[in-house]
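Note that the chains take the letters A, B, C, D, E, F, G, H, I and J in the order they are written out, and that residue 1 is the start of every chain.
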Amino acid sequence: MISSREQVTQMIVAAKVRKGLKWAHVAESIGMSKEWTTAGCLGQMAFDKAQAETLGQLFELSDEAVAWLQIAPYKGSLPTAVPTDPLIYRWYELVNVYGTTIKELIHEEFGDGIMSAIDFSMDIQRQSDPKGDRVNVVLSGKFLPYKSY
Amino acid sequence: MISSREQVTQMIVAAKVRKGLKWAHVAESIGMSKEWTTAGCLGQMAFDKAQAETLGQLFELSDEAVAWLQIAPYKGSLPTAVPTDPLIYRWYELVNVYGTTIKELIHEEFGDGIMSAIDFSMDIQRQSDPKGDRVNVVLSGKFLPYKSY
Amino acid sequence: MISSREQVTQMIVAAKVRKGLKWAHVAESIGMSKEWTTAGCLGQMAFDKAQAETLGQLFELSDEAVAWLQIAPYKGSLPTAVPTDPLIYRWYELVNVYGTTIKELIHEEFGDGIMSAIDFSMDIQRQSDPKGDRVNVVLSGKFLPYKSY
Amino acid sequence: MISSREQVTQMIVAAKVRKGLKWAHVAESIGMSKEWTTAGCLGQMAFDKAQAETLGQLFELSDEAVAWLQIAPYKGSLPTAVPTDPLIYRWYELVNVYGTTIKELIHEEFGDGIMSAIDFSMDIQRQSDPKGDRVNVVLSGKFLPYKSY
Amino acid sequence: MISSREQVTQMIVAAKVRKGLKWAHVAESIGMSKEWTTAGCLGQMAFDKAQAETLGQLFELSDEAVAWLQIAPYKGSLPTAVPTDPLIYRWYELVNVYGTTIKELIHEEFGDGIMSAIDFSMDIQRQSDPKGDRVNVVLSGKFLPYKSY
Amino acid sequence: MISSREQVTQMIVAAKVRKGLKWAHVAESIGMSKEWTTAGCLGQMAFDKAQAETLGQLFELSDEAVAWLQIAPYKGSLPTAVPTDPLIYRWYELVNVYGTTIKELIHEEFGDGIMSAIDFSMDIQRQSDPKGDRVNVVLSGKFLPYKSY
Amino acid sequence: MISSREQVTQMIVAAKVRKGLKWAHVAESIGMSKEWTTAGCLGQMAFDKAQAETLGQLFELSDEAVAWLQIAPYKGSLPTAVPTDPLIYRWYELVNVYGTTIKELIHEEFGDGIMSAIDFSMDIQRQSDPKGDRVNVVLSGKFLPYKSY
Amino acid sequence: MISSREQVTQMIVAAKVRKGLKWAHVAESIGMSKEWTTAGCLGQMAFDKAQAETLGQLFELSDEAVAWLQIAPYKGSLPTAVPTDPLIYRWYELVNVYGTTIKELIHEEFGDGIMSAIDFSMDIQRQSDPKGDRVNVVLSGKFLPYKSY
Amino acid sequence: MISSREQVTQMIVAAKVRKGLKWAHVAESIGMSKEWTTAGCLGQMAFDKAQAETLGQLFELSDEAVAWLQIAPYKGSLPTAVPTDPLIYRWYELVNVYGTTIKELIHEEFGDGIMSAIDFSMDIQRQSDPKGDRVNVVLSGKFLPYKSY
Amino acid sequence: MISSREQVTQMIVAAKVRKGLKWAHVAESIGMSKEWTTAGCLGQMAFDKAQAETLGQLFELSDEAVAWLQIAPYKGSLPTAVPTDPLIYRWYELVNVYGTTIKELIHEEFGDGIMSAIDFSMDIQRQSDPKGDRVNVVLSGKFLPYKSY
């Protein structure tokens, strides 16, 4: 009996290590970006039927697990409000250190509103650099103005 | 008596509203990016002497306040661990929803380590879009591999 | 020196009690709904110049305070993560008791995505009822589908 | 041995995915609204004997599970005080941003008291809109005045 | 400038100590119970005009403070979620130790629903006892059944 | 292997639902009040040998479980510091809203000290009322004065 | 205007440092133990009239402050739930490491109940020891058995 | 497979109830105090080989469990930062109410430093008293002065 | 099925106790320092293929477990934000007591930036001392200056 | 009126910036290490009379402030349990990532006990390195074995 998406995520993660798969290849198999695909496999996005079935074959999932992949999951991938993992914490730190800066600059350019985290995409790339390669991340989110009424 | 950088931040913020200044112009006045300058004015970065003095004139600060601007501040710009402001929360949400994805993809490309939040820069731009303009953010952080010893 | 919107909110709240004003009348004076106007006066929305000036006269605010009313505020109106006030707690309780229900039903109807809290409006009305009058609240938020990419 | 309602909720959730059921149909089968029915199936409401038995057949539950459905459950459907799921978080955000507004307007209309979350109903509907369909939610709660004594 | 009820509570508390008043006498002066009156003076209830004016004279409050006494306050009288004061903690402990018992017994007698904390009264009395006097507290709250719809 | 009282509580709760028992009858079977008996069955009180054996027969418990019923348990029946269940939350709310009032009135009558939660009893009764029946609760706790030394 | 006992504690603490007083002498002046006296001066106990007046002279307090010393205070002397000060933390650690041990041994000797923290005294002494002097603390609390009813 | 000391503690606790053992007798069997022995059995201290083997026979533990008893455990015996169990909470309350007092008096006698919780012993005894027996606890901890350098 | 590194850590820890291994020997077997090796075995570092296979033989792990050892783990080895174990707490206390000192002195010497916890090594040694042996720890972390841009 | 050491710390911090002092020079003036001196000036250590008076002249403090410097302070220099400042957070991260490693290795070498944070010293030095200078920190703490009794 599968009663939460988290169980399916555990099956996927276990299969990925066991079979030595790469997220980039998983993404190719369903024709989507590696960012969105990985988020989905880690239980944060819902797949359509064809995608779920392809993933089911790749990760050797049961039909019940494939059905769960098509359902909007309860999101949130971190076990604590402040993440303990150093890589993820650095992102939390950016929000903490630059949070008010981001707020000021978006409001200065766009007025009151937010940058959507739903109509949103992310692209992570390696950027070669003689002083040490860099991680380059492009975030793109629609600006949503506060409605006045 | 000024006993914390936070007091200087309040003076700057009050002066900015009172005088109707823009962060973009503040940044120009010291010849740095608007992202780094705003973070500094909001108490997250240290300025050099010339920068601090220029800002002192712009915001009509006392000499004591100008001295504080040159000192590495106690960082962290948010009043709560989980931010309540919707614009900043969306960023926290991104870390929560995409945190494990970012971790997986950086490790897949670079191995164990982190993306630096110190040797780091950020660029926020408006991207025109007929379906509604978008906020485009480029983050660039040096990859730091975990040292084994 | 005014260094946060919260100070302006306190001035407004103090003036409202001192002068015996009603939110409904405040809303009329700027031609907006009572819900949006009250949220703005309590420091959650930004007003345009004309609105801010009208409010400035109504609440006898300084020019500096009027300037602050036109700036996108740091939002969040509650002093604790779980509200202690019984009226507001009942709403928190609704989110707690009905949260997963709301999630299931919106996903069943619309697929994966959210109901916007930005492109959003609220209308609160008294509904007469012989068994005791009821509070009727209509919430309207744009559905935003998760972007896949 | 079933020792909590939560175990029954997991059985229902698992069966729903496995059998591809819709909450709207589940609600029809017991002749109640989809909001109340879903809340009940997710462990927040108690069913009467006939309802519980119908649900037992629909979800293929044991007699013990059907008995549990008739017992007032320990309520609260969220794993954290501040919800991490974006759809549910938006509701928490509404309480945070509009909480004091709701308080002010209900008190202005009704005096001191609360809007009941017990003598309460909710109706969620799709509202077509050329700019993007909207989620329309009507909340109706009895006003309960504070008793003075 | 008074911008919160809490400031008025502090004035009342200071005056009470300074003038050596008793809550029982304060309650008599406005013809209400000592429980409700004390709760109101401590910022948890709203008074009507006559009551507020009587209290204003008793505690030598300004007109502005008297106006605040007539407004429904933001409730919650404790500085921490788990109270540190031993007398109040014992009550928290009762909820912790007996909470599920109270729930079971009210549901056994009344079905699903709650005991109101709004349509509610409390009476605290000394009960003589040769083994040491006892505090006797009678709580009376209307039972509110969960509405099914 | 039973290694905590909580496991016994789960056995009792499961048996109670399975066998359709009432707490009032359970209490009768051991000749104690329904409040104390329920608290004990829910893991908050220790039973003597005869009581434990009677309960063992009623709930069909093993000898090991019956032995555990006679041991002073680790008390606290709620999963979170602030309870999410609405019925129990109302009691938490009473402590929050009336906490300082209770403190003031007990001190006014008895001086510095507390109302015991150990030398304590509770009685929950239905009180008929044409406007809706009420839950009547009588709490009786010995006053314990702070010792000065 | 003094509106809380904490203000009086600050006056006492400031006077003690300014005048170079010792707690042992303060205790002598009112004829009580140094433990109880210090706790009282730090805002945790109520003094009688004579004691308060003696302390008023010693610490040069106003009449209003002396009145506050005679009122049962809101207790709890630590700024955080887990104390940060190393000396006090060690005591918290004892509760954490030995808490279940203390519980087991008191129950083994006395049955279910508690050791009172109200009918309680404490005595702190230096114990000479060639390997380094020791702090000796004797705690004495009345055993209170749980009442069954 | 045993992967934490906690599992061994559960085995010990289960065996103790099953076999009706007393901590005092367990302590005698290894020739140590009942306080230190109980703490060790509850997973807070490490035993030497002979002690562990004696306990292994007493509680019928496997060799693997006996090996775990000889390893310094991850300490901390309470499930929450603020304990919910009333007996243990009273000790937490003592730290809260008397924490600053203990700090003041130890510093007054010894200067800056702490009372060790490592070079520490505890003795719990019943003290007969006609007004109700008392729990007497003697704590002895080495004073450790802060090193200046 | 292994779905997290934590499961592998439990296997290693269980094997280490069962087989009576020492961390120093484990480290020798893979030719790395005892500090880095122990951190890796406790789930905080990723091993290369050869190291993982050696560890697999030493701890008798399955191939699946060996595969997991080569994957960058979700880091963070403590169950609570403030550690309860006294040995680890002392380190948390050092950060609490000396945190601002470390910050001041590094900034005084190096300017704004951090000491890396990634390009970092640690060496723990016993230092003989007639007054009691000491633990000597050398931490070495690269200084990373904040980038201005 | 000075009622806490924190006020003196603020005076020192303000004077240090105003007068452009260095911690290294402050330490020289009292003949102690820069680490201990800085910790003391930031409110974590007590100074003797001569040291306090020298500091009083250096920072132009009042006699009352100088008296406070000689009193053992309430320690803990961070505003939140998990530090937000990146430099200090890295140290918290070390405790989180390496905490269990440190525990294992100290126990392996010394047996059960702790590394003292009281009989403790710290030395922070710059270490030149062509790949970027490093921060070298030596921590030395006495090992304290758990007493068995």
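Quick notes
The criterion applied here is as follows: a contact is a pair of C-beta atoms (placed from the backbone, for glycine too) under 8 Å apart; a residue touches a chain by one contact, two chains touch by 3 or more.
Here the structure is a predicted model, which means the values were calculated and not measured.
Annotation: the E-G interface is duplicated by C-E among the options C-E, A-C or D-E, judged by over half of the residue-numbered contact pairs being identical.
The pair with more inter-chain C-beta contacts, choosing from I-J and C-E, is I-J.
Annotation: 28 Å between the Cα-based centres of chain G and chain J. If each chain is reduced to the centroid of its CA atoms, chain A and chain H end up 46 Å from each other. Chain centres here are Cα means. That of chain E falls 53 Å from that of chain I. Annotation for chain C: residues 35, 71-72, 74-76, 78, 81-82, 84-87, 93, 96-97, 100, 103, 107, 113-114, 116-118, 120, 144 touch two or more other chains.
Residues 22-24, 34-35, 38-39, 42, 44, 75-78, 81-83, 85-88, 90-110, 113-117, 120, 122, 124, 126-127, 129, 131-144 of chain C are the ones that touch chain D when the two sit in their complex.
By the touch criterion given at the top, residues 32-33, 35-36, 45-46, 71-72, 74, 100, 103, 107, 111-114, 116, 118-121, 144-149 of chain C touch chain A in their complex. Residues 1-4, 64, 67-68, 71-72, 74-76, 78, 81, 117-118 of chain I touch chain A in their complex. Every residue of chain B that touches chain C in the complex is listed here, in rising order: 10-11, 13-14, 17-18, 20, 80, 82, 84-87. Here chain C touches chain F in the complex through residues 82, 84, 86, 89, 93, 96-97, going by the rule given at the top.
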